[in-house]
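Each of the two complexes below includes subunit A, the first together with subunit B, the second together with subunit C.
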Partner chain A sequence: MLNTEDFYHVWRIDQTSSLLREEIKEYCHTNIEMCLECGKCSGGCSNAHIFDITPRKIIQLIKIGEEAKLLKMDALWSCVACQLCVDRCPSSINIPRIMDYLREKAYKQNIPSTRPNVELFHELMLGNIKKFGRVPEALLSVEFNIKSKQYTKDAEMGMKMFFKGKLNPIPARVKDIQMVRRMFRNIPAQREG
Partner chain B sequence: MNNSVKTALIIGGGMAGMEAASKIGSAGYNAILLEKEDHLGGIMKQLYGSFPRWDNPQELVGQKVKIVEENPNVTVKINTTVKSVQKKDESFLVELSSNEQVEIDAVVLATGFGFFDTSEYGEYGHGSFDNVYTALEFEGKLKEMESWDKKDLPQVVAFFKCVGSRDRSKGYPYCSKICCMFTAKEAGLMKDINPDAKCFVFYMDYRAAGKEYEEFVRSVIEDKHVRYVRGRPAKVLPENGKLMIRAEDTLMGVPVEVAADMIVLANAMIPSEATKELAQLFGAKTDQYGFIDYIPGHPTQTGDRVFFAGGCGFPVESLGAQYQGAAAAADVIALLNQD
Partner chain C sequence: MNVAYYPGCSLHGLAKEYGISVEVVCKHLGIELNEIEDWNCCGATAAHSLNHELTISLSARNLAIARDMNMDKVLAPCAGCFSRLKGASYELRNNKVLAAEVSEIIKSEAPVEPEVNNLLQFIMEEQGLDALKGKVTKPLQGLKLAAYYGCLLTRPKEVVQFDDPEQPVSMDLVLQALGAETVNWAHKAECCGGGYAASDTDIVLDLSGQVLDSAKRAGADAIVVACPMCGVNLDTRQEAVSAKKGIKYDLPVIYLTQLMGIAFGYSPAQLGLKRHLNSPFPLLQSKGLA
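Presenting the complex of A and B:
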């Protein structure tokens, strides 16, 4: 989480580019130099009211190369990847992809998320995909709620859905699960995922 | 010069004046083109590059000078200014600095603009610190840099926009219109000369209203990698042989600093002294700042038989100056045709 103190200093700008910007160009196929600084992303963002750094400012921080600040900001974990920003951006800057990239980066560097149980959910979900090739909602929510010690969280809703036939307790698998496993093997070994 | 036809006097041999003179000459009237310097070309002649097409300004000026000089009806008088003016019924009796007297039927003022005195902006250190230049000085510097050793070239160059423009406290609340474009151009040219240089442009907003202008500025940002920092610099202080710039990044709301080797000030364009004097001599209308003003409904006319074009009316880019020169010429030709 960023604190006001994180902004209490004179920011030295000595580069016209930053390593982070180059990485984003390469991995997110997005050139943030194209940003017009218009703020349409922040204006339309469905969660901007709970962001510590709004999307436009995220782009600005990338320009300045303030990677440390970006990786510990709360917005990384309150962004729901609704894609409104990229949909409305006049320069088609793919902010959700950038957020994804930053989240992965924070995860790999063991920087804790500012919201509870994010890593747990991430690991369980990927584990399920690896096992079944898709996400079985019933199993995932039971697993997640037990491991996060929220035993009764979705019980009522889950029962209702079960009796209406909306929730299948037996996980379905994709036809070619070997293909999914091969995909996972081909991804270089990193911290789970 | 043909004594039986009417004569127009064009004052100022920049792009606007040359355009007006050549058009009036081509229409068969006599055109006398006055230039106070020893060569034609005005500001354009002092430039290293042009926008929005990166054309060589020397070539553009050269072409225009050739057109003017080849026109048999145009008489160019360099090193010449106006001494006094006497209005007769439908003409002016003008005494030139060469003590020559000419009788003219119409006049086109094309005296161009002047520049804001940067000493009013002491916080930027122009004149007291080394390596702080005005935009026009920097054009000459760019020319010099062509032959410099790579190690001598500046590594970090900062450009300040709105130096004087949009400053009520200094009496210039208006936008000088072309600084956004020539600053982008100069930053881009700096990157061409030294691709390793880091160029920062401090801006409040960039105003690129014109054909190909927005694309031009974007190409400077995206292809030449000039970094635009939003905020008006507050001060410059020398520090360890560098010029430390303090400003706010208004997009982040944080104070920022940049250590630069060279600073270029886009100082405001103001009415030149010559414009003010001539406006009085010919009875031209002027606005609150001293720029030549137009008569409502007559965009190139400012008084009885007095027309104007180019930067003496308001800062304008070279292409716009030529448009205005041609428009003023059309009005002069129409008037002389009626006489």
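Presenting the complex of A and C:
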């Protein structure tokens, strides 16, 4: 099979390096040196129209090591992870994985999210998984509304869904919950929602 | 073929009708589903957004249980769960460092098997179109459908290795085998907004709105889905999109397995078709299917 890395070797014109780029190569197993600078990632991006920094620019900022800018960008919290960028990339650069890596890094450094409700929802969901092992959708929605102070959000729709039998009032539980909790060992306790 | 079944949280909750119809259809096809014992949530958007090790570990435990149950395949009808499980198995195969860490956490060898299938691949491989045609007793004649794949049934291509990532055809072929007509449309593999349903609803109204516009423009009677997030977003947010854009869509959103059930002769009530906010009954009745 053709190895992309060998194939593009002669085109590797940009030897700029940054610590961030090396880190990404190590942890995300993807090599942005292979970027052809074609912009197909941004062309495919589902949310390019609302991104503050589009995927093509994100790659460029990684190359020059602009970490501070990347960790506070809004795109981290509005990416839908639709996988169009990686599939369109001629070098298969795994941008969705890079987005996850940068978001996780920003989160661990307590850099405020530009969309606090998105971060809050993730935290509440993880808190529920740690508690029950599964997601009690009804409970999670109520919890989210209270903690985000949007008390009536989707209330009417929620009632309709309840009467259609879509919302379970009682959470399901995993029996071996201790095993699920072991997986949370690297997540700081105060950040679980 | 021993098939493990991973329903995920939604098929027991928000998309109960998808879970019900998957079970009805598989039973009809003679496929025994063995639910993964004591399965846990795949972590969905929340886990992969905030902690990589966590998202892989959550899926690894489920896969390890399926492996220990001696299963040959895992069926994950939710495209989100499918993506997490299949992605974890891909990563565990290719990232030995992470595999060792995960194995230590779940106190079991990191699983790379059994193979994980989404609903489309499962139907195509375990049944095939000819066998499916032979089981149709009530052809879906007169239905003009938009087959909607969304993001995760076919992407990322390197991991999924099934159908075309942006111009998929498998669901169209299944629906045609059931006797329906499918439309050509632009948004069959675009995103609905997925996991932002509650946390940033505007993103969903925007992206799901584009999907609804496209299906309407193509002249579809209904949208067919094989993912609870697509199903829930397009069904429950349709009213809000209508109000925002001033367009009346009238597009019921139906799970593929519900339509398979109808074509096999089951009644709409047995397939949970009363649970939708945009009722599919007027459409099905007009075609003599309900």
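Throughout what follows, the second predicted complex is superposed on the first by the 167 of 193 C-alpha atoms of A that agree within 3 Å, B and C clash if a C-alpha of one lies under 4 Å from a C-alpha of the other, contacts with A are read in each partner's own complex, and residues count from 1 in each chain.
Here is the rule we use: a contact is a pair of C-beta atoms (placed from the backbone, for glycine too) under 8 Å apart; a residue touches a chain by one contact, two chains touch by 3 or more.
No experiment lies behind these values; they were computed from the predicted model shown.
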Touched partner set for A:Glu104, first subunit B, second subunit C, both or neither: second
Subunit A residues touched - subunit C or subunit B, whichever exceeds: C
First (subunit B), second (subunit C), both or neither touched by A:Met159: neither
First, second, both or neither for A:Cys38, with subunit B first and subunit C second: neither
Touched partner set for A:Ser17, first subunit B, second subunit C, both or neither: first
Partner chain in contact with A:Phe144 - subunit B first, subunit C second, else both or neither: second
Residue ranges of subunit A touching subunit B (in the complex, touch as defined): 7, 10-17, 31, 33-34, 37, 56-57, 60-61, 63-64
Subunit A-touching residues of subunit B, taken from the complex the two chains share: 156, 198-200, 218, 221-222, 225-227, 229-230, 246, 249, 251-259
For the subunit C and subunit A complex, residues of the former touching the latter: 9-10, 12-16, 38-41, 43-54, 57-58, 61, 94-95, 105-107, 151-152, 155-158, 165-166, 190-191, 193-196, 198-201, 203, 206-207, 236, 239, 274-277
Touch list for subunit A against partner subunit C, complex: 27, 29, 46-47, 50, 77-78, 80-84, 86-87, 92, 94, 96, 100-101, 103-104, 107, 115, 117-118, 120-123, 125-126, 129, 133-138, 140-141, 144, 153-154, 157, 160-161, 164-168, 172, 174-176, 179-180, 182-187
